[in-house]
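The structures come next, written out as structure tokens.
Here come two complexes built around chain A, the first alongside chain B, the second alongside chain C.
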Partner chain A sequence: MTRLISKQGWVLGLLAFLALLFVLTTVIQPDFGISGLDSLSRATLPFAFATAGMAVVVIAGGIDLSVASMMAVAGVSAAVLMDGAGGGGTVLAVVGVLAIGLAMGAINGAAIVYTRVPDIVVTLAMLFVWEGVALLILKAPGGAATPWLRELIVGNVIFPWLPRSFVFLVVCVAVIWIPLSRSRLGLSIYAIGSNELAAYRSGVSVGLTRIAAYAVCGLFAALGGLTLTMSTGIGEPIPGPYLMASVAAVVLGGVVLGGGRGALLGPIIAVFILRLVRMDLTLASVDPNVTTIVEGTIMVVVVMLGGVLAMKGRKT
Partner chain B sequence: MKRYFQGATIVSLLAGLGSVASAEGYTLGISNTVQGNGWREEMVCAMKAQALDSGKVDSLNIAHRNTDAAGQLEDIRNLVEAGVDAIVLNPSNSEGVNSAIEEAIAKGIVVVAVDQAVTAPGAYILSNNQEEYAYLGAKWLFEQVGGSGDIVYMRGAAGAGADDDRDRGFKRALEEFPDINIVHEVFTGWQQDQGKQQILDYLATGLPVDGVWTSGIDNVIVDAFVESDAPLVPIVGADNAGFVGQLATVDGLVGAAVTNPGSIGGAGVTLALQILDGDMPESNTVLVDPAIWANNDPAGMALIEGAQNPNLDPEWPVSVSIPGWTTYTTEEIIACKGPGE
Partner chain C sequence: MTEPTGASPLLDARGVKKHFGAVIALRDASLTLKKGEIVALMGANGAGKSTFVKILTGALRPDGGTIRIRGRETKARTPAEAQRAGLMPVYQEPSLIPDLDVAANLRLCNTPVEPFRHWVDQLGIKGLRLDDMIGQLPLATLRILDLARALAIEPEVLMLDEMTAALPTDLVERVLQVVRAQADAGQSVIYISHRFTEISELCDRATVLRDGATVGDLPIEEGVEERIVELMLGAALGAGRGAGTDVTSVAPEGPPRVKVRNLAAGTKLSDVSLDLHRGEVLGVVALEGQGQDELFEALAGVRRPSSGSIEIDGKAMSFHHPDDAIAAGLTFVPGDRGDALLMQRSVRENIALPLVARIGKWGAIPMKDEARRVTDAIERLQIDTRAQGEVQRLSGGNQQKVTIGRWIATGVETLLLFDPTRGIDVRTKRQIYELVRKLASEGASVLFYTSELGEVPMACDRAVVIFNGRVVDVIEAADADEPTLLRAAYGLSAEEELPA
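Now for the complex of A and B:
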């Protein structure tokens, strides 16, 4: 038990904070219930996938500033491919979009590895490249999403309080992350993020691992873009506010920005916290210009508090 | 657990959330997805001022931030959770937020889309006619340059629904003038600084320009011509206070402002309140057609001079009210206070 607490302390702390926020939500809005949970969970989807992708590259010691633009490319590709597609066509479109995501991520990673230009510069440039690609695919919001695919994230499943969108998120992340984190590649991703030289000397192929990490990020970004199209029913070529939000959730979720430490559970709980804070501020009709200040302040305070607790823990 | 609850209650009281809305007035929700743009700020202020002036609104829940359609879905659903009676929104595009609008309507909430249309059945639309907006200005401009010449086409934000509508209107005018040549097409992103830099860059090349069409990023374009000592050419903009002022005062400037009232937000609040009071409009859609004010036409110049208001922010449209729809005063919209503020 003690081991669990010390190992997952940050995650447990985030969960406690999330629980506290739920209590606060019911205080502000006593009617908060099933539909509220559903709204929250659906709003979380694109942010959660962007965050998952960002977390993987950050664990590998990098950063990907093009995540929101890749989501836009995936979203418009999905909307164009699914426009008028039947059942089989939709499945093919989804597979195609995921492949596009993997390819975009791999291109980002390869550009970093082979040009040796810093990741922050390459992905900043790719932010504009993917933004342009999205606009080439669709110059204005348009396309369509297949209705049955959209239904996958609407309503609840098994229990009334269990939103389908939440199950969709958990299944997608688990299917990708659990096998990956336990594989040799997963270990290598942690290794190059922790100490690149040591990883290299232990026989890890640093370049290929980095490309793979970016490809996984691209895959998550594609899922994020897909959920955008699923929730709106159309493709939007302008990237949404997912870049900064994903970096914020990664940091809040306990992934060290230098790399090598953290996992996906913490950042995804952090996404729920940030969305619930936004919901609470709307429910409480707080001045919208104050809202962003509150969001930023909560992040700084939580991360600082975490730092202090970590230092205390080290001393004892 | 009891302590938890006590703590949470204290937190909520501290934040001033403990107040319970009185039963009489309505609670309105507002959703807007562009922040920091003069036009949108005027729209939000018009909503606040009209809600206050109507005396029928107890509180406003405003979701006002820069986001995409998915973010607006989240905002609308949060407003539904907040238990508002009506939602007035500026949709990020015509189809992307339909699912949340339909959920709101299913819960008996009145939904009014302003500025741009939505396709959700049951929603009310009070919209500026964006295609006509671009067509009117472009046609005037092409006539000014004698039906042939080099035009700089300064659009809004790439991929935005309103920009796409305006592009259709612009292209429609272009078809009528086959000798017009678009020498440069850029997206200003509806950002003043970006638009100014783009026109400065173009002027620095020394390439020909006979006229400039802007999607409402206008006064900085005139500034750029004046500052770089370039000969002024006909310029089309919107009825923003800064540009309308320039049309009246800058020597040698021939230009036209196309009206695009941000106060449509206030009109949307009025429509929502009418529907809540059981007074249904004849049609679900009301389109507000733009007008053009050219400073080389006496009637246009009279309108331009009548609209001068030095108290307005230069980025705000001068048409701060819409007769028959809004009841607040100019001072009230500039104060930008809603109920309870």
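Now for the complex of A and C:
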């Protein structure tokens, strides 16, 4: 039990913080209820997928600045492919979009591995490349999403307070991450992020593992773009504000920049925290410019407190 | 060289070559290993040992030569392929992943758990849990886990690189026992170590490298240590003592400026005492990883010693930060030039840097005075000024002259030089010795670690020899020829003479 607490301490702390924020929300806004929960969850969905993707590459010791642009490519591809498609066409379109995501991520990874240009430079360049690709596919917001897809992420399921969009998120992340994190590939992703030389000497194929990590990031980005199109019903070629938000959530979620540590649970809780803070501040009618200051402050303070606690824990 | 007779050897590396650009690291390295045999691979610094090890373990590709395991040629291009071919190394630095637990590390390289547990027990590690995080285990335990992991996959050839470094004595004994028992049961081992006692206790043969080539293959027997030292030195032995002694050392007088007593730090530095006087260049001689890094870091205030004392001019010091050491007059010039220079800035600015740092924080920089001192320093350093716009365009040797020469402009009390001549040409080396002597003659005290033993009589007054974290000998420059230094560095007694 104590081991569980010490290993999952960060996640438990984040959960407590999130619970506190929910209490605060009901104080500020007494009529915050089922519909509020639903809209919060749905609005968080693309942020959560961007964060999941970012978390995987950061665990592998990298970073992907092109995540929002890849989401835009996936979003417009979905809108174009689904425009006028029937049931079977929609399924094909979804599969196609996910494949595009994997491919984009793999291209990012391969460019880093084979050119040996630093990841931050390559993915910055790819940020522009994918942005251009998205605009080539769709010059202005348009296309269409199959209506029944939207049903997957609107409303509730089983319990009135359980948003479908949240279940959708949990299922998607679990289906990808749980088998991955238990496979040799998952271990290898942690290994190259933790100590690349030791990983190489342990027989890990460092280059292929890195490409795979970026491909998984691309897959999550594709899911993020897909959900955007699903919820708005059209494709938007201009990337949204997902890059910095995902890096923030990854850091707040206990994934160490530099790699090797953390998982997906923490960052996803963190993404909800950041969205909820923003919502609360909006509800409390705080100046939106102050909102960003508060968000930034929370990040630094929480990460600092975590560092202080970790140091104290080591001394005792 | 002995040719293997009878059955073909298990491992047979022949004529292995490797060059990096114009530098030839290996010319003709060979090694044979029979089943159940333990062979020591030996060589002085720069003999090509680590390159040879990297090639054998698949971390580097050779330019020529063949490596056969059981008569089948292997062309392993990665450590994973070398391991599949049957060669399992245990490296000096643990190759376990710090952020994963023990069980995950075993799964990562398909190590069976039960044999691993067996070897962990055999090697005397108690209370290990499979969910312990690697990053929280002590270094000695990690090295044992690495060995247990290697033993568990039952490789054809086990390669141990400085396996016993950083291990406490009781674990060293356990390791030697287990390795010997395994060899008796048919395990073949390549054993790389600086410790002659372990080699004579454990090994059947020794293969000696010098200048990138295998120069000898000797069975381990009485008195073989001297033969090995002789082979490692080669021609240098014939040079005789005093050949390079340019220094007339003066007996130190007065109280020492720096007095170190029983200093211990990290896992490698266990007990070093030394006195450094005014105007003296004190050499530090040690094989790699004997604690010299920790000694210099402790003196520079980069690392806190775990015990012992440092006194400067009779005053006990405790450094919490490099600033404290600098304030006490200790100036550290690290081995890596990149740590000491502003690469994109000019030679002038780099030389002036400590001068600028010395002036009050908000004061204006007295340009005239600076310019005079810097010009003076550049002249004395004989730096090729064609490339002085950016230090990164200078050659390595000229860069090193800047790192030392800036202290001529500034004035320095105590200079800590860590391997300043690594990888630079002979002429520049000479100039650096002259610089160091010049600084000493102006009253500076210099602690001078060098990985090239031949430099000691040329630059130093005396040399302390560190082996296994302790000072084992103090040698005057006049007696500091290479054989004497090398034997001392290997922890062999100084009294016995080498056979003529």
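The working rule: the second predicted complex is superposed on the first by the 316 of 316 C-alpha atoms of A that agree within 3 Å, B and C clash if a C-alpha of one lies under 4 Å from a C-alpha of the other, contacts with A are read in each partner's own complex, and residues count from 1 in each chain.
The working rule: a residue touches a chain if its C-beta (ideal position, glycine included) is under 8 Å from a C-beta of that chain, and two chains touch if they have at least 3 such contacts.
If you're wondering where the values come from, they're calculated on a predicted model, not measured in any experiment.
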Chain C versus chain B on the shared chain A, clash or fit after superposition: fit
Partner chain in contact with A:Val91 - chain B first, chain C second, else both or neither: neither
Superposition-derived angle with apex at the Cα centre of chain A and sides reaching chain B and chain C, degrees in steps of 10: 120
Touched partner set for A:Gly193, first chain B, second chain C, both or neither: second
Touched partner set for A:Val301, first chain B, second chain C, both or neither: neither
First (chain B), second (chain C), both or neither touched by A:Val175: neither
Which of chain B and chain C A:Val290 touches, first, second, both or neither: neither
Comparing the two partners chain B and chain C, which touches a greater set of residues in chain A: B
Chain B versus chain C - smallest C-alpha distance in the overlay, whole Å: 29
Common ground on chain A, meaning residues reached by chain C in one complex and by chain B in the other: none
In the complex with chain C, residue positions of chain A that touch it: 3, 184, 187-188, 190-191, 193-195, 197-205, 260-261
Chain A to chain B touching residues, read off their complex: 20, 23-24, 27-29, 31-32, 35-36, 39, 42-43, 46, 134-135, 138-141, 150, 154, 227-228, 231-234, 236-241, 275, 278-279, 282-289, 291-292
Contact set on chain C toward chain A in their complex: 59, 78-80, 83, 89, 91, 93-100, 104-105, 107-109, 131
Sites on chain B touched by chain A in the complex: 4-5, 8-9, 11-12, 15, 17, 35, 59-71, 73-75, 77-83, 92-99, 157-161, 163-164
